[in-house]
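Okay, here's the structure, questions in a sec.
Chain naming follows the written order as A, B, C, D and E, and within any one chain the residues start at number 1.
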C-alpha cells in the first residue's frame, strides 16, 4: 500500500500499523463490510416478499394453501438457523444441479448418486466449472441470499400474520359493512393498518438479520466475522506481520460496527414508526401514562 | 291517528329490508328468539327496547355481519342464500352479500372510523373503491357532507383527535356518502347535543323524503317519535309491541311498553 | 481440455495452507498444488471452504480436490479417495507450560473434530474441545487446560516464538500421511495427481518444498 | 449393539453418565438419535433456566426503560441497546475472554448445615458462564418486548386505574402487568423459541466442551464429521428442535388463550409479534 | 325561582371541587380558555354545551388525567401543587394526586372497563387494592351494586361480552363501589334507555342526599334539569352562562344558550 511497506520486518510503531492495516487481506476485510451490506439490502426485501406471500397463504380460504403457509412457518421457524445452513444449502445446490441434469443431459449414462458421490454431467454443473471465479462467487452469494430469504421469510410471515390479525375486527367489519369485498378490505384496511403492528416485529427481524450475517461463512462466503477471526488469530513468523492473539481487538471492532449499525437502524425505524402511528391511537401515543415504576 | 290513513300507504310501498323469524344466540344466551321486522321503501323504522334486548345484534344480523341461526334476511325482495346449519350457518354467496351491503350503509354504535385515514379519507373510501366513482366528484360531495354535519374544519384530522360527538358525525357522513338505498343507524345521536340531534333529525327526514329506507336503533323516544313511520319495541328477544309512533307512544297496548315509556314521561 | 480443476482448501492452518497478508491462499500446499497442476497439465483455481463441511462439499461436486493438510484415515477413505501421501505421518505434540504435566490424566485441549481430539478422548485424559486451534493454545496459556495436543508442525513455531513460556512435553504418532482427497468416481483425476506426486518425489523437489515450509529437520519423502 | 443398549449406554452421555467413549465406527441411526437426543438435555437446561431468570430481569429492564426518572431509564436503555445490538456469539466471546481473565479463586460459603465452595473457574464452564450470557441476552430482548407491550396497553384502562387511585406497585400488579403480559405474549413465545435456538451456539462457537459432553448440535457435528454425510445428523437435530418448538408453541399457546380469555372468540388480538433469530 | 332561597344554601356548604381560570390546549387548539367551576358539598353541577366544546376535557383536567396549562384545581380546599410551566406543567406531588383521586371517582365517556377482569372484578378491584377493604365485604357490596344497576346476572361476564348500555352501567357501579366524596360523570346515560336513565337519576339524587358532590357532563337537558343544583353552559372554551337549572332552562339570558336550548324545545 504505502511505499515504505516493502520490508515489513524493519518497520516500527505507527508505520508498522499503517502497513499492517493496509495489507491486501485487510482490504478484503474492509470490502467484506460491503458484502454484508449488499446481502442485507437484497435479502431484506426478498424475505419480506416471501413472508407476505406466506402470511397471505396462511390466511387463505383454500385449505391446501393455508396448510402450506402454516407449515412453512412452523417448520422453518422450528429449525435453528445454524442447522438450516449446515445442510440446506448443499441440498439446494444439489437440487438445482439435479434438475439441470435432468433437462440438459438426457443422454448421460450412469446414475447421479454413485456411492457417496453426487455426480452430474459437466453441462449441468452450476455454475460450469470453466466459469470464471466471480461467477462462482455470485452463484454462492445468490444461494446465500435465497437461503436467508427462506429462513427470514418464515419469521416475517409470522410477524405479518400476527399483525394482520391485530387489526381490530371492528375496522374490518365496518369495511365489509360498506360493501368492500374481502380482497378490498384486505388491501385497503388491513394492509395499511397492519404496519403499525408489524413494524416493531419487522424491525426486530431486521436487527436479527444484521446479526445473523456471521452465518454467511457457513455458506462459503467470507464475511466480516470470518476475516476478524482470520486476522485476529495468532500470527507466527511465517507471516509478514507476526503478532499474538489479537482476536479480542478485532471482535471489539465488530462490536462497535454492529452497535453503530443497529443504532442507525433503530433511529430510522423509530422515525418510520412515528409516521405510521399517526392517528392510530394506541401505540405509544400516550406513552407517558404507560410507564409504571 | 286514524287507521285508514296509514294502511294504504304502507301497502303500496315495496319492502326493502325484511327480517323473518330471526334467531340468534351467543353460546347459551339466546338474544333473538324469532323477530320479524319489515321496512318499506322510504320508511323509517325505529327499534326501541331496554339495554341488552338485542337491538344492536338485530342490526348486525340485517347487515350480515352476524350470522343468524335461523330465519330469513330479505333485501329488496331477494332472500339471502344460506349455507350450513345452526351455529354454522353463513351466507353462501359472497357476491350477494357485497351487493346487498353496497346498498345498505351502517352507522355503528362505537362509530368504528378507520383509524389510519383522515376524516375526509374515511368518507371518500367506500364510494371510490366500492362504487368506483370519480375521486374528484366524491371529494366534493364528501366535503359538502362534512360541512353539513358541522365538522367541515376537521377534514384532515385523525379520528383519535375528535371528541365523541365529532366522531359520531363523521360516521354519519361516511354512511351518507354511499347514497345507499337503505341505512342502519345504531344510536346515531347518543353522543350529540340537542342542537346536533335536530340536525340529524332533519337529515333523516330528508333521506326518507328521497325514498331511502332506514332502520334506527335509539334510546331517545323523542327522536323515535319524531322521525319514525313505524316503531318496534323489542323485549327479551321478541317483539313486545309494534305500530305507528303515535299509537305506540300515546296508547301503548302492552303493560311492558307502558312501563318502559313511563320512564320517559316521568322525566 | 477446457475443464478447470477447483482445489478446495481450508485456508486456516499454517504452514500447510493459510490466507496470506495479500488475501490469497498461501502456504506449503499452495506451492505444492500449483506445481502438481503444472506437471499434470491442468488449469487449477483455489477455493476455500470451512473445515466442517469440506468433505460433503467435495462429494457434492463444489470443487474437485481437497488439499488441506488432511491425514489419510480409514474413515475418510471410505467416503473419498486419497492420492498417495505427499507428506509422511506428522507426529502430534503435547505442548504445556511446564515439562512435568501429566498428559495421561490431566486436562488436554484439542480442536473439535480432529484426530487429536479422538486420540485424547481414548487416552483417558479429560478432553476440552475448542472450535479453533488458536483457542486450544490460549486455553493452555491461561490455565484452562494443562496441555494441548495438535500437529507438531503447527505447534512448533508457536513454541519457538513463545520465549520459553511453552514447551513440548511429548510426541505421539497419530494418523497416516497427508494426501489429496478426490471423489471416488473421479479415478481419472486421481491417477493424474498420483503421477505428478511420484514425479515430484523422484526428482527431490517435494523434499525441498517440505524443508522450505516445515524446517530442515522435518520428515519428508 | 441393540438400540436399547445404545440408549442405556448413551442416553445420558451428554451429562457424563454412561459409556465414556463415543461410538467411533459403524455408526447407525439409533446412535445418532440417542446421542443427539442426549445433547438436547443441555439445550433444554440452558433454555429453561435462561428464560426463567431472564423473565424477572426482563420485567425489571422493561419497566426501567419506561421509567420517568432518567437514572433508572438510561441504564436500562443502555443494557438493552448493547445486548440487542450485538451478535450473541460476540457476547459469548467477550464474556468468555473476561471470565478466563478472572483470577481463579474459590470461596467457601457456610450455609450452617453444609459448606459449599464457589469457584470463579466455573464461570469459564458453559453451564454457568454461557447461562449467564444467555440470561442477560434474553433479558434484553424480552425487556424490549415488555417495553413495547407497556406502550400499547389501551390508555383508557390505565387512565381508569389512575382515576381510581391505583398507583405504583398496585397499579402495575393489578392492571398493567396482566395487560402487558397479554400483549407481549405472542412476541415472548417467539423469544422463547429463539432462546432455545440460541442455545445451539453455546458449544458451536464459544464455550469449550468438556469430556465430549456437549449439546445436540455438538453431537450432530460429531456425526457429520465422522460420517461425512450432513444429510442425516442435521435433519435429526432439526427434527428434535421442531418437536420442542411445537411443544413450546403449544404450551405458550395455552397460556396465551388463558391470558386472552376475556376477548370474544375470533376477535383475539395477538398484538405485536417481535420474533428473533440468532442474535 | 326566588334568589333568596338559593343564596344561603350555597354559601353555607363548603366547596369540594373548585376549578379556577383553567386553560388547556392541544397543540394549537385552545380548548379551555379560562374556566371557573365550583361544586359544593352535596351539589350536582351539570356541564352542558355543544359537541367539542371541551366538556370531557374539563372533567379530565379536574381528575388530573390531563395537565392543564394554567389555573388551579382545588379539591376540598387543598390546591393541587404544580411543577413546571406551560405545556410542561404537571402535578408536583404524586401522593397528593393519589389521595385526591381516591376520593374522586370518574365514569368515562368510553367506559374504559378493564378488559382482563370480569365485571365483578372490575367493581371490586379499587376498593380492595386501594382502600384495602375486606374482600368479602366488598364483594357483597359489589354484587348489590350490580343488581342495583340491573346487571346482577352479568357478574362473571367479560366486558367485551356486554352491550353498550350494560358496559355503561358496570362503569357506574365501579365508580360507586369506591364510595367517593365526589363523582365525575361523563355522559353517564348516553347508552341507556329511558327506564335505566330514570334509575341513574335516582342514584344521583340519592348520592346527593348522602352529601356527595357530583360534576356531570350531559347532552340530555332533561337529565340536567332534573338532577342539577347548578348548570354550567360551556361555549367555545369559556363559560357562556351559568345558574340554577330553572333559571337556565326557563329564562336563558344569553342568545347563545337560548339557541342551544331551542333545539330541545323544538323536539
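We adopt the following convention: contacts are C-beta pairs under 8 Å (C-beta built on N, C-alpha and C of every residue); 3 or more make two chains touch, one makes a residue touch a chain.
What you are looking at is a predicted structure, and each value in this text was computed from that prediction instead of being measured.
J.: Kindly list the shared contact partners of chain A and chain D, in label order.
T.: Touching chain A as well as chain D, we find C.
J.: With centres defined as the mean of C-alpha atoms, identify the chain lying farthest from chain D.
T.: Between chain D and every other chain, the largest centroid distance is to B.
J.: Roughly how far is chain B from chain D, going centre to centre by Cα mean, in whole Å?
T.: Distance between chain centres, rounded to whole Å: 54 Å.
J.: What whole-number Å value describes the gap between the mean CA coordinates of chain D and chain E?
T.: From the centre of chain D to the centre of chain E is 49 Å.
J.: Let me have the rounded angstrom distance from the C-alpha centre of chain B over to the C-alpha centre of chain C, please.
T.: 84
J.: Check each residue of chain A and list the ones that touch at least two other chains.
T.: Residues 86, 90, 116, 247, 281, 285 of chain A touch two or more partner chains.
J.: Quick check on chain E: which residues sit in contact with 2+ other chains?
T.: 110, 161
J.: If you look at chain C, which of its residues touch at least two other chains?
T.: Expected reply: 52-53, 56, 59, 79-80, 138.
J.: Please list, in label order, each pair of chains that touches.
T.: A-B, A-C, A-D, B-E, C-D, D-E
J.: Where on chain C is chain D touching in the complex?
T.: Chain C residues touching chain D: 52-53, 55-56, 59, 75-76, 79-80, 109, 112-113, 118, 121-122, 126-131, 135, 138-139, 142-144.
J.: Show me the residue ranges of chain D that touch chain C in the complex, using the header's touch definition.
T.: For this pair, the touching residues of chain D are 21-22, 24-25, 100-101, 104, 124, 204-206, 208-212, 214, 218, 221-222, 224-230.
J.: Okay, in this complex, where on chain C does chain A touch?
T.: Checking each residue of chain C against chain A gives 2-6, 11-12, 14-15, 18-24, 45, 47-50, 52-53, 56-57, 59-62, 64, 79-80, 132, 134, 137-138, 157-158, 161, 183-186.
J.: Help me check something: in the complex, which residues belonging to chain E touch chain B?
T.: 26, 48-52, 56, 109-110, 150-151, 161-166, 169, 187, 190-198, 201, 219, 221-223, 226, 259-261, 263-264, 266-267
J.: Per the contact definition, I'd like the list of chain D residues that touch chain E in the complex.
T.: Against chain E, chain D makes touches at 154, 156-157, 159-167, 170, 174-175, 178-179, 182, 259, 261-264, 267.
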